[in-house]
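Same chain, two partners: chain A is paired with chain B first, then with chain C.
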Partner chain A sequence: MHTFILRRFFFLTFVLFGVSVLLFGILMTFSPERRAAAYVTTPQQAKDIPRIIKQFGLDDPFYIQYVRWIKEVSRGNLGWSLVAARPVGEAFWRYFPITLEMNLYAAPIVIFLGIWLGSISGIHRDSWIDHSTRIFAIIGWSLPTFLFALVLLMVFYGYFHLFSPGVLSDELAMSIINHPEQYTAYTGMLTIDGLLNGRPDIALNALHHLVLPITTYVIVVVALNMRVMRSGIIEELSKDYVLTARAKGADRRTIHYKHARRNALLPVITVAGQLVAMSMEGSIAVEVVYNRQGIGWWLAESATQLDMPVLMCICLFMGLVFVVTNLTIDILYATIDPRIRLN
Partner chain B sequence: MANAHPRLRELTYTLYRIFRNPSAIIGFTLLLFFVGVAVLAPVLAPPKYAHNPYQMPHKGFSPTPKAPNEKAIFGTTSGQYDIYYGVVWGTRTAFKIGLFVVIISGFVGVGLGAISGYYGGWIDEFLMRVTDIMWAIPTLVLAMAIVVAFGRGLDKVMIALALIQWRWYVRVTRSEILTLRDQEFVQAARIMGVSDLKIILRHILPNAIYPVLIMASMDMGSMVITASFMSFVGLGSPKGYADWGQMVALARNYIVGPPDDPLRFWYTIAIPGACIILFVLAWNLIGDALRDAFDPKLRRR
Partner chain C sequence: MTALLQTENLVTNFYTYEGVVRALNGISLVVDYGSTFGLVGESGCGKSVAVRSMMRIIQEPGRVEGGKVVVFFDPDNQQRGVDLLQQSEAYLEHLRGDQISMIFQEPNAALNPIMSIGDQVAESFLFHKRKEMCARVLEALRRPDGPSASPLGAFQRHLYARAARNPRDLLVTLTTKIPLLKHWQRRLKKEALRRSIEIIGKLGIPNPDKVVKLYPHNLSGGMKQRIVIAIALACSPLLLIADEATSNLDVTIQAQILDLLRSLKQTEIASILLITHDLGVVAETCDRVGVMYAGNLCEVADVGDLFHDPRHPYTRALLAAVPRFHQEGPLLSIEGAVPNLVDPPAGCRFHPRCPEARDICRRQFPETVDMGGDHTVACYLYTDQARAGDAP
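Presenting the complex of A and B:
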């Protein structure tokens, strides 16, 4: 098992290296002049473009520039963000908690709802429960996140005045800005910081602003989990051990929830990586529509302003997330599946 | 029918299985409708600018949308662009996006996957490692990075998506081919001296193509979603181009109407939005039905 994990670790390090080369390759499709423009801050400097190209070695061979770039990146220097008007690395940590917070709340809902709906759908195959959950899944699968978010906003903000976009109501946001000494951003996540600062009103308000984003996101993302769980259950229930269990007169609930469901959980773990990718894509749409200033919002804003350093940073971050999730999945898999554990 | 060619018999059975499924019937009906609209677009909505029919005509520049009336049956969106015209020509745009991305990435992916799975060895190792790297970044994020590098525009969005999406087809094709490569009928063909190319094209690919078809069908929908989101944030088609995502973007500031009538401008978002959803739903329903029909585990039960 240790060699398995070690092998995976080396493989994933290689993937991360490959991602950085790929991204740098995309960056290099810009001409040296265009890349030099990133260093220009005043009109006078604009005349010195050839000098800047020389100074930063922008027409050096690919590998020299790559090594120089990766050195800077590993020191935390990722460039300048136009949207945030501060260095990319610093801006990242401002936006990241907002996205993390939403995902932390949504993930358990997606996982447990998907497993639950998938298993009842699989157990009651071809019944009305199965058909309605499948219709729900295929509609969720076909809904573009941004469109669904807009419609929810239209109904629940415009018509019912129940929820509003943003992360916090204006009065509370102003109260934080006016009295910075009373509020410390420990984590950057408003629901947690609100409680830590003894301000339950902020925490509740932030939670209230999370309702629509999480709803959107869960309905769009849950279909994947559900589908995998359903086919897993159906496959397990057709196996011989289930027949044996039935023959010896075991309780139906025991067969379904103890035997079949536990085995059907394995494929769900396999798609967890895909689930993380989907939730990152979902975060972009949700944050853009609900005007939540997290990573996804920052990415979309930077893309429309053609701000390449931010895109590079977020792509690298995605690569890192991919590597970490996959390593976690491998370790989980190795601990859960005895066929790998005992090998 | 009993003495028909086995392939034909199998095809008839497959078609029977597909059309027994109500979701397939709904899916194909919706698809037929969209194909009809796309083909008949010049008749349904005669273009005002003959040289550029995708440009939506607009009367005036007022940002406030106008409700459906006899001049514009679906009303006008922000900028007075005619919604009916945009929706009709937007159908063509959607097919253009989907077909371009799926055909290019499908051919590239199936080709590379076939080579990788059939020959194995260092070619396989190399191609698989490249694919692994491509997998590490979500489609939308990588597509945005490529579009920013190449510049904005719907054509750039399509190219970026085609450059990314082949990774799905490589994996699916390769895993199918790995199970077929060592079966007796392939070995028999090899012993009889059939060339590698012919073995792949005649004997292996026809047996490995169904998962690719299912994937392609689902992709037609998801690529339209991704492209319309990119148009929505302003990376795709220019303003006034008949594209559903672009029309949703135009409506964005009007999702909430005046306080006395908050849903006044519903048509600006509901009509193009419904088009996107129904288009994607059609392809997903077809993909779902194909999956049920082709899955050998469920096929003969």
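Presenting the complex of A and C:
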């Protein structure tokens, strides 16, 4: 088990090397002038472009630039983010909690709601419960996220003035800024920090701002999870061991929840793990539409402004997240399925 | 002879997209106390559907649509039978595994792959012997060297006492559903596991206390089939239904399992209903045989009768197709194929393949004829109607 985990982390370095070379290579297809232009903000500075290229070595061969970047990264210097106007590392810890906070609430809902809806729809196959959950899933899955987010925002903010975009209402945000001595950002997640600082009003308000993003994200993403669970349950219920269980006198509850569901969970773990890993980059559309400045928003802004250090940093981060999720999936698999040994 | 299980005109249909599959077309048979009844026939003739209908574990989209399945629990009182088709699902859950149990064709698929052997066998006891086991645990708890009289221990004792009186007690059911609290059942589960080890050991599996901790993939096919048998035998049922229990095992294991079933019939269970397509197995183990073809029972007889004096053309063809040791020339087979049961042939379902088919066979289904000596045949060869009418 321990060697298995250690080996996975050893492979992580190769994964990170691979993805970083790939992305670096793609970014190198932009001309040095185009990349230097990212440092230019006014037309007057345009004449500095040749100097910038020389200073940062932007016209050096690919491998020299890559090695230079690796050297800096190994020293802990991830570069300067133009979008955030601060070092990438520092900016990352500023944006990451916003995304993490949403995921902390959304992921359990996606996983458990998906498993629950999938189970009941598989168990009551072809009944009205099954049909309605499937319609719900198809609608969620086929709606473009940005459109759905905009519609929700229009209805609940535009017409009913119930939920507003952003992460915190202005007066509370101002109260934090005006009295920095009364508020410590322990985690960067407002709902948790609010409680830790004895400010439940901040926590509640932040939660209030989370309702629409979480709803959007859950409805869009839960469908896949649900479908996998549903087909898993249907498949398991047709297997012979279910017949054995019935023949020994098991009631329906035991058959559905003790026998079939545990077996059907195996593929769901894979799907749910990937969904959670993907959401770590912060569903971009959700963060942009609801104006939440998390990783997704940062990624979108950096991509449009060719903020290379940020793109590289997020790319490395995603590599790490996927390796860790896959590791977790494997460990979970081994705990549920005795046929799998981690060797 | 005293009947244990009697089916009358059992009809089961499957509602598929291609149409209604008429899988069982009125099966009537009697399994006596102390006998082994063999049900033979080609693949797809409805043997498994027949026994699954009897236990009412037909899976979607199948439905048992007519007839009776009567069980006589008391061999001395043949008047009081229970028709299983009229009973509630809850009644059947009590009955299955306790009075009638079943073993299956494919031991590799018949066990839940992610549940330990012990847990799977113990389930039988936990479903049917709860009351008895609770009483036993209570007895152990009340002994002076039992656990201390802490409030928690007292509560545990109280729960066991209630469960021993009535396993469906509201408080007992509630506490089994609440996390943490439900651990009062630990001793009950231990008792069930102890009984599982005992029964597994009885079936000739070495190191039963280690085997219960293993999972199905750790065991060989023959071992798995023994575990499936252990699950079925856990509560000493009256009737054991073996659905092709030996078909997928190699010959030596097959012989071992058949021996096991034979010896069990003498000690643990009253009767066996054995489904097979192997006539050798039938000749070796059964007292009575029913021959099935395309959802019908064509001939029922004592085993010696059937082999020496087969009456139905299908039975004859089937026996002729058995390879013999001193055989010369090619093996015989039955011309044609098993009919599609969505649209079965009119009249006798065997007539397209029957060498002796007459006009009436194509029009009308033959009545069952009693040939004397507990030998019945459903064929026009033996009715007056046919003799009077058209020649072959």
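In this section, the second predicted complex is superposed on the first by the 286 of 343 C-alpha atoms of A that agree within 3 Å, B and C clash if a C-alpha of one lies under 4 Å from a C-alpha of the other, contacts with A are read in each partner's own complex, and residues count from 1 in each chain.
FYI, a contact is a pair of C-beta atoms (placed from the backbone, for glycine too) under 8 Å apart; a residue touches a chain by one contact, two chains touch by 3 or more.
No experiment lies behind these values; they were computed from the predicted model shown.
Asks: Consider chain A as the common anchor and indicate whether chain B and chain C clash or fit when overlaid.
Replies: Overlaying the two structures gives chain B and chain C room side by side.
Asks: State whether A:Leu224 touches chain B only (first), chain C only (second), both chains, or neither.
Replies: Once the two structures are laid over each other on A, A:Leu224 reaches no partner at all.
Asks: Which angle, in steps of 10°, is spanned at chain A by chain B and chain C when each chain is reduced to its C-alpha centre?
Replies: Here the answer is 80 degrees.
Asks: Is A:Leu212 in contact with chain B, with chain C, with both, or with neither (first, second, both, neither)?
Replies: The answer is neither, since A:Leu212 touches no partner chain.
Asks: According to the stated criteria, A:Ile336 is in contact with first (chain B), second (chain C), both, or neither; which is it?
Replies: Once the two structures are laid over each other on A, A:Ile336 reaches chain C alone.
Asks: Name the contact category of A:Ala303: first (chain B only), second (chain C only), both, or neither.
Replies: A:Ala303: touches chain B, not chain C.
Asks: Name the contact category of A:Ala91: first (chain B only), second (chain C only), both, or neither.
Replies: Neither partner.
Asks: Output check: A:His259 vs chain B and chain C. Expected answer is one of first, second, both, neither. What do you get?
Replies: In the superposition, A:His259 touches chain C alone.
Asks: With both complexes superposed on chain A, which partner does A:Lys248 reach: first (chain B), second (chain C), both or neither?
Replies: Second partner only, chain C.
Asks: Between chain B and chain C, which makes contact with more of the residues in chain A?
Replies: Comparing chain B with chain C, the partner touching more chain A residues is B.
Asks: Between chain B and chain C, what is the tightest CA to CA spacing in Å in the combined model?
Replies: It is 6 Å, taken between the nearest C-alpha atoms.
Asks: Could you list which residues of chain A make contact with chain B in one structure and with chain C in the other?
Replies: The answer is that chain A has no such residue.
Asks: Given the complex with chain A, which residues does chain C contribute to the contact?
Replies: It comes out as residues 52, 55, 57, 59-60, 89-90, 93-98, 101-102, 104, 106, 109-116, 123-124, 127-128, 215, 217, 228, 231-232, 234.
Asks: Show me the residue ranges of chain A that touch chain B in the complex, using the header's touch definition.
Replies: 11, 14-16, 18-19, 22-23, 26-27, 29-30, 138-139, 141-147, 150-151, 153-154, 157-159, 235, 277-278, 280-281, 284-285, 288, 299-300, 303-304, 306-308, 311-312, 314-315, 318-319, 322-323
Asks: Mind listing the chain A positions that touch chain C in their complex?
Replies: Contact set of chain A toward chain C: 125, 238-241, 243-252, 254, 259, 262-263, 336-339.
Asks: Spell out the part of chain B that touches chain A in their complex, as residue ranges.
Replies: 23, 129-130, 132-142, 144-152, 221, 225, 228-229, 232-235, 248, 252, 255-257, 262-263, 266, 269, 273, 276-277, 280-281, 284-285, 288, 297
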